[in-house]
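Have a look at this one.
Chain nomenclature is as follows: A, B, C, D and E, assigned in order of appearance, with residue numbering initiated at 1 for each chain independently.
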Amino acid sequence: MTMIFGIPLQAFLGQLLIGLINGSFYALLSLGLAIIFGLLRVINFAHGAQYMLGAFIAWLLLSYLGIGYWPALVLAPLLVGLIGAAIERTMLRQLYSLDPLYGLLFTFGLALTVEGTFRYIYGASGQPYATPALLAGGANLGFMFLPIYRGWVIVFSLIVCLGTWLVIEKTKLGSYLRAATENPVLVQSFGINVPFLLTLTYGLGAALAALAGVLAAPIYQVSPLMGSNIIIVVFAVVVVGGMGSIMGAIVTGYLLGVAEGLTKVFYPEASNIVIFVIMAIVLLLRPAGLFGRDA
Amino acid sequence: DASDGKVKIGILNDQSGVYADFGGKSSYEAALMAVEDFGGKVLGVPVEVVTADHQNKPDIASNIARQWYDTEQVDSIMELTTSSVALAVQAISKEKKKIDIVTGAATTELTGKQCSPYGFHWAYDTHSLAVGTGGALVKQGGDSWFFLTADYAFGYSLEENTGNYVKENGGTVVGAVRHPLASTDFSSFLLQAQSSGAKVIGLANAGLDTSNAIKQAAEFGIVQGGQRLAALLFTLAEVHGLGLEAAQGLTLTEGFYWNRDEESAKFGKRFMERTGKMPNMVHAGTYSAVLQYLKAIEKAGTDETEAVAKELHALPVDDVFAKNGTVAPNGRMVHDMYLLEVKKPDESKEPWDYFKVLATIPGKEAFMDPAQSGCELVKS
Amino acid sequence: MTLTLDLAKRKERSPFIVQTVFLGVGLACLLLAPLFFYPVFLMKLLCFALFACAFNLLLGYTGLLSFGHAAFFGGAAYFTAHAVKEWGVPPELGILVGVFGAALLGAVIGFFAIRRQGIYFAMITLALAQMFYFFCLQSGFTRGEDGIQSVPRGHLLGVIDLLQPTNMYYFVLTVFVIGIAIIWRIINSPFGMVLKSIRENETRAVSLGYSVRNYKLAAFVMSAALTGLAGGLKALVFQFATLTDVSWQMSGEVILMTLLGGIGTLIGPIFGAGLVVTLQNYLATSEFPVTIITGVVFMVCVLLFRRGIVGEFYNSRLGRKLGFEHRHKH
Amino acid sequence: MKPLLKVAGLNAWYGESHVLHGVDMTVGEGEMVTLLGRNGVGKTTTLRAIMGIVRERKGEISFAGEDLMRVPLHRVARRGLGYVPEERGIFSTLSVYENLVLPPALAKGGMTIDEIFELFPNLHERRNSTGTKLSGGEQQMLAIARILRTGVRMMLLDEPTEGLAPVIVQRIGEVLKKLKERGMTVLLVEQNFRFASKVADRFYLMDHGRVAGEFPVSELSGRMEMLHDVLGV
Amino acid sequence: MAVATPLVNEAPRVVLSARGLRRDFGGFTAVKDVDLDVHHARVHALIGPNGAGKTTVFNLLTKFLQPTHGTITLLGEDITKTAPDKVARMGLVRSFQISAVFPHLTVLDNVRVALQRPNRLATQFWKPLSALDALNGKAEELIRSVGLEKEVNAVAADLSYGRKRVLEIATTLALEPKVLLLDEPMAGMGHEDVGMVAEIIREVARERAVLMVEHNLSVVATLCHHVTVLQRGEILAEGDYATVSEDPRVRTAYMGTEETS
């Protein structure tokens, strides 16, 4: 058997693939975070809660209305997006003119509230959500057994990430959005309805988080805590990628997913801090992040 | 007789955090049931139960415990989920000469180096879980093990204890992998466990970590592949959250199962009516602890701590939770534990009908020999 | 043109008498408080108040939002607990061990964090503090989930028995007052002035020849050390050190306290801490889950009372009449 | 000449500080009017209040016969007003080209990109670089160029020559004249008196948040004395 | 054109010099092989079309940007690799093209922050604020010299643009720099201020070297001893104003056809 760094090549490939799957979640989440940050200058601490909300809505739809995975994949992000938009309209909006730290604190409070509420109603141990029948089972790739659902996660998240990136970097809408972050009043004086754009953006970011949540539901336990566990890691991903860089967020998401996956093989104890260590190194060498523009 | 015209019991646990399902508000309900079953009065004075949510913060717990003891005439505190809280409150109880009965926390320290003459450990501990799952499972043929261990003291001690019992019973431990606390993805670790070829994959972790690992094991077809999953700290409440589809075939140890016999089923149904869920060992244990405490007061004829503690040590425990339970000098309540297997969805006949009892582990085997515990109260 | 500059006007504005009266009343309240309130609760309150004030030194006066201050608070608690319990050092030395440990930790975390500004800074401190959390979780000396328990309070200077609640209370109060005095001195010093100017316009400060990084790092370490003072004290008060105090939720809580009391006001955080601690204690025995309340308070505060209790007071008509003027960018 | 912009009794505030105390002015269709005044008298504030950026305001503003007081900011541009701010407002996350095409063309008659590049060759050369990497002067050009595309009827220009090299100032003067020939109306705030005198038809002199005087370009030489007193020219 | 006789008290000597200075941004070269000598007691103007690289040269000299090539010497010391704050402490202080003040501090405090730096007061966190009162006399003098005496206690953010610029100059002077780099100090200023600032600059240049970027050619003509014209990052012409302004290349590239003074 071919060996690589002392472990069989097959196992190595398997772990690489698994890292990529994890990376998909990091990428989706950091993408949404980067969009919201890039355009609203708000660190969306509620991103984890919105991710959780996506998964929970999928579960609620299934258990109370019998609505399955596929419709949920559309409905949950839509709902969370609308909720996000409403929050932006009524509350978050008032904070743009202030120091960005207030946005951070507000969304932090929001996250506590949402998670607290779900924990209060549904408890902490989580809810079951089955893999959709169409994607159940697995495929033997020769070097590993790949659950089909996980393959789907990789493919689908890649499509979503690239699609979002295209919209923001390559369309007129995207350039409005980017300009509006810097000087909303001026952009508005050009005749563009900036308040609406910002609402849209926050809604979009929240919807992306929720989408990741629905994708995660069949893999991870649907629990009120699922968001707060992952969000800090995603923050680190965004710092490494360079905040405000959409492509940076995506690529770094996948890269760090893989880095973490490989650490789980070679030195599992460090797998939870490897991302933070990478972050520290990147900060030393490239303070603006791997893809960030100089501040 | 009772010192201040009433007997007051405090149920102090996590009601809004990670362990809220484990015990939570339902433990309070269990305590109320015990008081009602006892008749609501002891030595002619009313029994009152108060409760507080320590939010998993030892400082809040310690504050409340002190205030309860000092200004609110609380006579004893029970439940005490989370080991840091349990140890902190036990230390205060010892200092204030008050009784505490822990049902929610797992650490053997409570009846080990940090034991108290007035402190009792009632429902389970890491040792009994290890013996139950490790020892008993080997006898059932699961003789080679691979551990998925949460990377902190609790995980290590579960792994070590269990591993010892596996080896003692003639099994082997082929490997272990340590994962960080609160990992979301276990597939890397599961793949390593899978390729180890071990017959049993022991999950030396707790809470969401265990749930996620089990769920993902199902996804990777590990149980279908012939390996067995054994969770070292997992209860009915969490199996309910996971669903039978994902949890089927899982082996675990609990000190109580509601569908064990007629009496327990009756208790379970009553509990269900009040809380909406079936009791796990923490709930039933709390019920038993309160009941036993009241019995001890009655026997002692006073609620004075020394006397009650003496009776608690002396009286046998015989209720729906424990049959022929005894209390060791270090405060450990010794009773039978059960090795349970989660049913397949089609085997389950009614809601909450989740477990098959694979084996009963006699209390003497399940719990540590007090002489080995390191508790200085044990005269050897 | 012979206009004399009206420099005196500036002094007039600082309400010296009013401040002295307030200070006196405040101190008297603290001295008499144990007669009315539960001492451990008061001591806890003082620890958190000091923690919040130390945090505010960084946020309110240097403009750096650290989301990782729990590392210094909880870390110092562990250091002090370990020193007192395992090495058997006297309490005053134990607290110093906590302070130095926290300062050291502050230097390491600060070294990385000050490379970025604004929200990046917040996220980096959060991430690094999280690393420290994992370190505490896994390393042996902290005893994992159990925490370091039964920490002896010992005898202050070898004579005063701190197990005696009254003794302990006045010890805590003394340390608290010293801590606040240090913070006050730092803020109202030439050095504090430089910190303010860095908060206002960093590039300009550089061009004036200030090595901004060193100043920021110095402020960071000072804040960490003072936070350590609070943490070490807390370990002695409760006689244990556990993981709760290093978790990121604790970092969030201290921000809440500061925000609630008034960012950039010297005494605001004291009130904020008082409110949060009281609330948590009160909610523990109520039906309502604490996280939800905390979250809602956060949101309401950010949306409606950004200046916090004390800040709002300073800006109210009465506050202005009394001569408080509070300028801070919001 | 038909009045296009009419401002009467305009007051404006920044928080508690009252900056404009009743500004009255009219600008006719196709006219080029310059607002003069010392630093801090409220010239910029006047433009911002007209545009609707400063919203704490009272008084009357009508544009092409329509009341602007109630129109939300993003609709003002559609009525045909364009604003070039003093601080230029170039976007750092956008390339020069993106900056240029950012404001949507809201009416016909705007310049094409090619015409603009011809006018400002620097911009053509740096079109792919980041907006704020431009030099100060290049940014000023970009800010003006950006509005020229949109086909507005009237431009509010705040100190467009500040920080520009004399050649460029000259070029901008020519551009303004060209625009005027096309019928563009301009309200200009300017410190560069020499420049203003070359392009403007009429002057308003501001002092303490009010209009303190008004005269056409033909009376300029007769007023030099007074201007010298007020402005120190 | 009236060229004022330069006021020279001391013999000119080079205090700041750059050799072969170059800076690339990606593929774009903003500054190319620039040699520059700034003399003590002289006002040196750096002019040129927009985008010529003047501000970039400033950024390079003050080390806010790292040059791609070339060396910089300040008072005989090589500062090519020195950090910007260190450079400032060595006596090279700049102002910014976009005004830079501390917005929420008062005018007085703005000046005192600058004054306290060389006084070792800056790091003294154990001293009361009143320690700074020792600086009031100096601050007062500076504030009055730029005509801000009415606004001493005003918060900088409330000043108009022009006044902010004046304040910035005052803080810059507070450091008693040996070399002063002023980026368009008169931009956005009313005429009365232009005259005053010109006077200030003339005054300070008696004992210092001044390098300034300025588009106001009448100021350049009356104030500056030496003019360097930059175009596309390269030096196009050098000399006194009269010489430079006659240069046809400079006229087409920068001044235009208009008579300017």
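Just so it is clear, contacts are C-beta pairs under 8 Å (C-beta built on N, C-alpha and C of every residue); 3 or more make two chains touch, one makes a residue touch a chain.
Which protein is which chain? UniProt says A = Inner-membrane translocator; C = Branched-chain amino acid ABC transporter permease; D, E = ABC transporter ATP-binding protein.
Just so you know, these numbers come straight off a predicted model, no measurement behind them.
Hopping across touching chains, the smallest step count from chain B to chain D is 2. Listing every chain that touches chain A and chain C alike gives B. The minimum number of touch steps linking chain B to chain E comes to 2. Relative to chain E, the chain whose mean Cα position lies farthest away is B. With every chain reduced to the mean of its CA atoms, the largest distance from chain C is reached by D. Distance between chain D and chain E, defined via averaged C-alpha coordinates, is recorded as 29 Å. Mean C-alpha positions place chain A and chain D at a centre distance of 44 Å.
We define each chain's centre as the mean of its Cα atoms; on that basis chain A and chain E are separated by 48 Å.
For chain B, the set of residues that touch two or more other chains comprises 16-17, 151, 180-181.
Not a single residue position of chain E touches two or more of the other chains. Pairwise, the chains that make contact are A-B, A-C, A-D, B-C, C-E, D-E. Those residues of chain E whose C-beta lies close enough to touch chain C in the complex are 62, 64, 83-86, 88-89, 93-96, 100-106, 108-109, 112-114, 116-118, 121-129, 131-132, 136, 140, 143-144, 149-150, 152-153, 155, 171, 175. In the complex of the two chains, the chain A residues touching chain C come out as 37, 41, 43, 91, 94-95, 98-102, 104-106, 108-117, 119-120, 232, 235-236, 238-239, 243, 269, 272-273, 276-277, 279-280, 283-284, 287, 295. Those residues of chain D whose C-beta lies close enough to touch chain A in the complex are 51-53, 73-78, 82-83, 85, 89, 91-94, 98-99, 101-104, 106, 130, 150.
Chain A meets chain B in the complex at residues 11, 14-15, 18-19, 21-22, 116, 119-120, 123-128, 130-131, 138, 144-145, 147, 149-150, 218-221, 223, 225-226, 229-230, 261, 264-265, 268-269, 271-273.
Residues 59, 65, 112, 115-120, 122-124, 126-128, 130-131, 134, 138, 248, 252, 255, 259, 289-292, 294-299, 301-303, 306, 329-330 of chain C are the ones that touch chain A when the two sit in their complex.
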